[in-house]
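Per-chain residue numbering starts at 1, and chain names A, B, C, D, E and F are given in the order in which the chains are listed.
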Amino acid sequence: MTITLVQGLLIALLAMITGLDCWLQAFFIFRPIIVCTLTGLILGDLRLGVIAGGLTELAFAGLTPAGGTQPPNTVLCGIMTVVIAATNNTSPATAIGLSLPFAMLMQYILLFYYSSFSLFMSKFDKYAAEGNAQKFKRLNFVPLIIVTLSFGIFAFLSAYAAQAPMHALVNSMPQWLTHGFELAGGILPAVGFAMLLKVMLKPRYFPYLLLGFVIASMISFSNVLPVALIGGVFAAIEYFRTREVSDLKEQIKDIDNGDDQDGI
Amino acid sequence: MASEASEVGKNKPSKRKSIFTNHEISMLGIRSNLVQASFSYERMHAPGWTWAQLPYWEKIYKDDPKGLKRVMTDNMEFINSSPPLYPILMGLLLTMEEDHVEPTTIKGLKNALFGPMAGIGDAIFWFTIMPIVGGISASIAKNGNALGPVLFFAVYLFLFWSRIPLAHLGYNLGTKAIDVIQENSKVISHAASILGLTVIGGLIASYVKMSLTLKIGAGNSVISLQKQLLDKIFPNILPFAFVFLLYWLLKKKVNPIWLIVVTFVLAILMSFIGWM
Amino acid sequence: MTITLVQGLLIALLAMITGLDCWLQAFFIFRPIIVCTLTGLILGDLRLGVIAGGLTELAFAGLTPAGGTQPPNTVLCGIMTVVIAATNNTSPATAIGLSLPFAMLMQYILLFYYSSFSLFMSKFDKYAAEGNAQKFKRLNFVPLIIVTLSFGIFAFLSAYAAQAPMHALVNSMPQWLTHGFELAGGILPAVGFAMLLKVMLKPRYFPYLLLGFVIASMISFSNVLPVALIGGVFAAIEYFRTREVSDLKEQIKDIDNGDDQDGI
Amino acid sequence: MASEASEVGKNKPSKRKSIFTNHEISMLGIRSNLVQASFSYERMHAPGWTWAQLPYWEKIYKDDPKGLKRVMTDNMEFINSSPPLYPILMGLLLTMEEDHVEPTTIKGLKNALFGPMAGIGDAIFWFTIMPIVGGISASIAKNGNALGPVLFFAVYLFLFWSRIPLAHLGYNLGTKAIDVIQENSKVISHAASILGLTVIGGLIASYVKMSLTLKIGAGNSVISLQKQLLDKIFPNILPFAFVFLLYWLLKKKVNPIWLIVVTFVLAILMSFIGWM
Amino acid sequence: MTITLVQGLLIALLAMITGLDCWLQAFFIFRPIIVCTLTGLILGDLRLGVIAGGLTELAFAGLTPAGGTQPPNTVLCGIMTVVIAATNNTSPATAIGLSLPFAMLMQYILLFYYSSFSLFMSKFDKYAAEGNAQKFKRLNFVPLIIVTLSFGIFAFLSAYAAQAPMHALVNSMPQWLTHGFELAGGILPAVGFAMLLKVMLKPRYFPYLLLGFVIASMISFSNVLPVALIGGVFAAIEYFRTREVSDLKEQIKDIDNGDDQDGI
Amino acid sequence: MASEASEVGKNKPSKRKSIFTNHEISMLGIRSNLVQASFSYERMHAPGWTWAQLPYWEKIYKDDPKGLKRVMTDNMEFINSSPPLYPILMGLLLTMEEDHVEPTTIKGLKNALFGPMAGIGDAIFWFTIMPIVGGISASIAKNGNALGPVLFFAVYLFLFWSRIPLAHLGYNLGTKAIDVIQENSKVISHAASILGLTVIGGLIASYVKMSLTLKIGAGNSVISLQKQLLDKIFPNILPFAFVFLLYWLLKKKVNPIWLIVVTFVLAILMSFIGWM
């Protein structure tokens, strides 16, 4: 099938709404499971959308923006996975891999905004210093509009305008390449986890990382809740222990200070 | 001054003193969604955070333009925390602002509080709730069952609305709660790291999929490298190793974009030579 | 079948013996697995007694008197489960639910004794003050006799005298009600656990409750011994840790006192 | 005085000093079963505890009526501990009584010791041994195999007889043991709570049975609420939630009898509407 | 089959090489899995050697020389298991049990050396005191040669010279005895663990022993790595905790000393 | 003196100062295999340890015969540690010797360091790596697949060669590392014990095989003692009990040789009466 202009525009609209949500992290309709489903609806193949949504959601599990990082964009990946699967008859698993370049381009656009929006800060500071609430509020809309429009335009170009070359590309791909893209989808979460570890991993927390890994590998359960609960148990035990230790430290410090003052 | 603040806090439970209506506090919860509006690496949530609370400060300082300027300027300093926890934090700070707690106290508190809260929030919302809700919905959706996305949306809609009671909670807890949290902020962030890293360890095992199809040996002695060797050493040993390879690259200051490139090159190579 | 007078009297005797044991907690023949079996023997259907004993024992797992609480009485529940199952041809699982009102009545009788026996205390105190060992010893028999007789009488009435109305009641019960009673038997232990938690649960022990719950849910093993052992491991680790901490506290206090005395 | 007591304790190992025969100490173990004889909420085990030990005090104070009065009166104070541990405790205290340790020392010791020992005893006897022995016997009995109750009885007969060596143990350990236990009583009760609550957590998962039969969705999208949703979130999530519902009711000062009523109403309702 | 003289000599050579390795613990070719395989090769039945190697390796898992202890010798056990299995047509599992007397004899020879080699120490001390490096180095070869030769001779005698009586013995063994030897092979590791525990077990480490035991019993995994990792997690947690505590102790001691010095 | 040592250590990174070639340090790794050459209970590794390092001391003290005598004599004192860790230890100490660190410092360090390192090394090499490598290789070998022993040999060949980089590591880390390790030696040995005992617990469950074939009861009530009783109480309960029986015998000063005798007698008896 091919994407009609109307479908292209609807996709752009979808990208604007979910893209804004992605920026604000409010309703989480920017997650692949929602974006894919809605894209499927627009393209008239809900079932494909739902299935692709399930698969893409799993592939993006590790790729969170926690810590202010910016992962490949889920909105674009969600849209393009369904678009590619629908227009090229590839399996959703392979389409995830093929949609990733789009997701990464959007990621880079957003990263650019993350850096360049600091230009607005001096204005914000000025309005704050003047106590000018009205202008301050209005200025906040500028980034929001820029982001929303970017999503719409980029999604329209990707999904509608780039159809033909995309089709040609996919058709010419040998089997090992599509299988390679599928594999990449399964390995992808590793990137997100590595980025998280860079922020969070200190030597004294490594044992807990290992604990979670071992437990999840040993019990075959469908989600990480058991691991999270065990993590919570250890966290709570450490919480109470650390509080005891800091009480002791406090007391020692008090005595120490007392001594010093005696000396004066 | 800090003691003054907490004394005021103690007098607070008598609600009638509040200059805000119930509905206004509810709206504060909704408005907490604005924090990321003008996100930039320079100040992160500062402009959005200020925007969200601006109407409330206007009311508090309606006869005190200098006060409004002060509070707006103060809040334009860098802040970053976990968005779903902002309703509580905004509620707490609004009480303090309303009680005219010393600005330096408020600033110190923000510094002490927001970092640890980011750790807790991320561990709970990004690393636990999202993979669980996402994972369960996805497992339903994978069979083409539309209840998958519906379930996902329902949970997050619930979390969205829960911002309202959370804002009330923060506002009602008042300054007392802050004392407790602030005192324990180091301990809390320690605990949050433990929770977070345990979960990430679990996620690595659950979500990164790598499995060799390669066989080694010849003639009668053929064994499957994955099933008869690697899986017998430890399951998920490849995902774990690969995450640490990427981690090591990051430590070597490799640009994150390269990690994705490495992943793709590896996957395609493995597919090409038929090892995976 | 119907309960004969001889059987009724034998049941009363059984209730007196096991009831006394229930009061003293000596041989644990007051537990359902024993009471049911013996009742089955009396009614001439050992097999039914054994099976009902197994089921009732499980349903009463959480309902312990730990902490001086008083749960629904196991002796009456054990007797009546078998009696009801045998005389009304209901399944033992349903009979557990139906026997519960009897168990609860007996519970309330015992609770009444728990309160009213404090009347004897002034006499005990008096004999103690006089050093009158003989009278002191003899007085202890009074509560024992009261309790024992109560068990006998109440069991006789329930098992023998109330047969007809019980039969009528059971026969008129719709299927959803019997199934409901069965379900209740399975949920019942929750009551005991909630009561225990009220006594024992402090915030700093919640993580361990969770730990036990998660482990038991994840490993599918036939009993709680693994959980108890893991609990023992954590308890022992905390034991050694806490001892270290209290040593430190002791030392700090010593120093502190030393300082104070220096000051004098 | 305490030091005197422990010095006496140190001289104790030479057994011939004891005024009690081996058989008498054995009987002490058996008599420890009497503690609950005149149980009332006012004094709990006090009268039974006194009764059980009375013959021994009569022997110790046979020429000292004042001493007998004193010890009887002292022991009529409220006590409560774990019955299966009484043989040890009685043995320990009997040594002290025999050595004429200062009454206040003995009293203090009882206060410090009996609470923590109740926690340990309950965790071991009520929450671990009983569910395990009961569970295994029941699983055999459920098939109509009479070895089930036989096994159960055998274990508890063994525990009954074990009271005799335990009494000897307590009596021989003498006062030294008490020093150690008393010093650590807070730490012991902390450890006992940990053990107890871990086991209760496990028991909730093992013994409370709740499972929905309800299905949700329509047409092609039907899923079983229990198997495809709740069990995927966490097994036994309903039992856990229900226990905490009841716990919350208790905290709200609801009478325990209502918990049973709530349970029955819920079960019958669920059966009626066909959800369970 | 019977062992030829050539085979006997080759076995002696094998025993010397792997025996030397057993003494030095360098290449670990003294472990049964290697020794059995090579013996199988010498006897012309590689497959038997490999299979026997697998079984014997498992039976000797607990029998390590950690802590300077000396377990039944793996080289002799490895050689004799294959020799007995090959020459008497017994199963390797039974042969392990039958080879154990040889392994124990070699163990006792080595234990004798462990004690008697202290005779060399005064010479070593003398050369050290004289700074006579050359003689010191040369003296080290003496024990090495003694050990190596002992292995060769003992293995030759056991495998080649003792064939006939061994054959007679095995043939006359009733089934329950061979089965008993098999069982013994399975229980054998217990000996090694008990010896280890004697060296390592202190009350405060018992919980961890239990932890490892419970985890290994509950998860059915093919090796102890998960247990080792969990052990590592607990070890690391304790490591960080203990460091904190010793910091506190240090501080308290400093204060205390400060006080004392004030007093002077 | 200690401070002098560490100052020297700080100046070390500039490598050209070293009097040893790269190849010589590599050879140190290989020579570390000699430590057990003249093992006796009196001095354990001392003569072999001295032998392995002698050529290096000859070089350092080539113009100082008294120095050589001193270092040889010092090193003939009792030492015992984990062989696979010797390359690091030798490397570390060689740096110190080369820098002429005070002999008493070196001695103290050896005392503090070698014991704990033995614990860590044993836990890792004897109790973890060997059973894992051995177990996996054995499970392959048991089916007659020669890859089993090949794999085993390959791993240990790798470990053998790893002695070379480990020696370099030790030599390059220099004295600084020693300070850190020495300070923490008690803590390290505590952690090593935890690791070691956890693993031994796991090994008991995995490697000791005892299982009853006995059935009890009569007629319809027959149950398998192992499967329907012991395994329901706890799996591997017999192996655990038996290890502790042997442990108790050892504590009673029974000669270890008797443990093997007991094992054999028990096994043959059980086979004879048909219980196993």
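Assorted remarks:
Following the convention adopted for this analysis, contacts are C-beta pairs under 8 Å (C-beta built on N, C-alpha and C of every residue); 3 or more make two chains touch, one makes a residue touch a chain.
Computed from a predicted model, the values in this text were never measured in an experiment.
Both chain E and chain F are touched by B, C. Between the Cα centres of chain A and chain F there is a gap of 46 Å. We define each chain's centre as the mean of its Cα atoms; on that basis chain C and chain D are separated by 12 Å.
Chain A and chain C have centres, each the mean of its CA atoms, that are 53 Å apart.
Look at where the CA atoms of chain D average out and do the same for chain F: the two points lie 45 Å apart.
Taken residue by residue, chain B touches two or more other chains at 132, 136, 139-140, 145-146, 232-234, whereas all remaining positions touch fewer.
Under the contact definition stated at the top, the residues of chain E that touch 2 or more other chains are 206, 208, 210-211, 214, 217-219, 222-223, 225-226, 229-230, 232, 234, 236, 241, 245, 248, 252, 255, 259, 262. Inter-chain contacts occur between A-B, A-C, A-D, A-E, B-D, B-E, B-F, C-D, C-E, C-F, D-F, E-F. Considering their complex, residues 219, 221, 226, 229-230, 232-233, 236-237, 240-241, 244-245, 248, 251-252, 255, 258-259, 262 of chain E touch chain A.
Those residues of chain E whose C-beta lies close enough to touch chain C in the complex are 204, 206-208, 210-211, 214, 217-219, 234, 241, 245, 248-249, 252, 255-256, 259, 262. Across the interface of their complex, chain B is touched by residues 132, 136, 139-140, 145-147, 151 of chain F. Residues of chain F touching chain C in their complex: 232-234.
Note for the complex: chain B touches chain A at residues 33-34, 36-44, 46-48, 50-51, 54-55, 58, 65-66, 68-69, 72-73, 75-76, 80, 83, 118, 122-123, 126-128, 130-132, 134-146, 148-149, 152-153, 156-157, 159-160, 184, 186-188, 190-210, 234-236, 239-240, 242-244, 246-247, 249-251, 256-257, 259-260, 263-264, 266-272, 274, 276.
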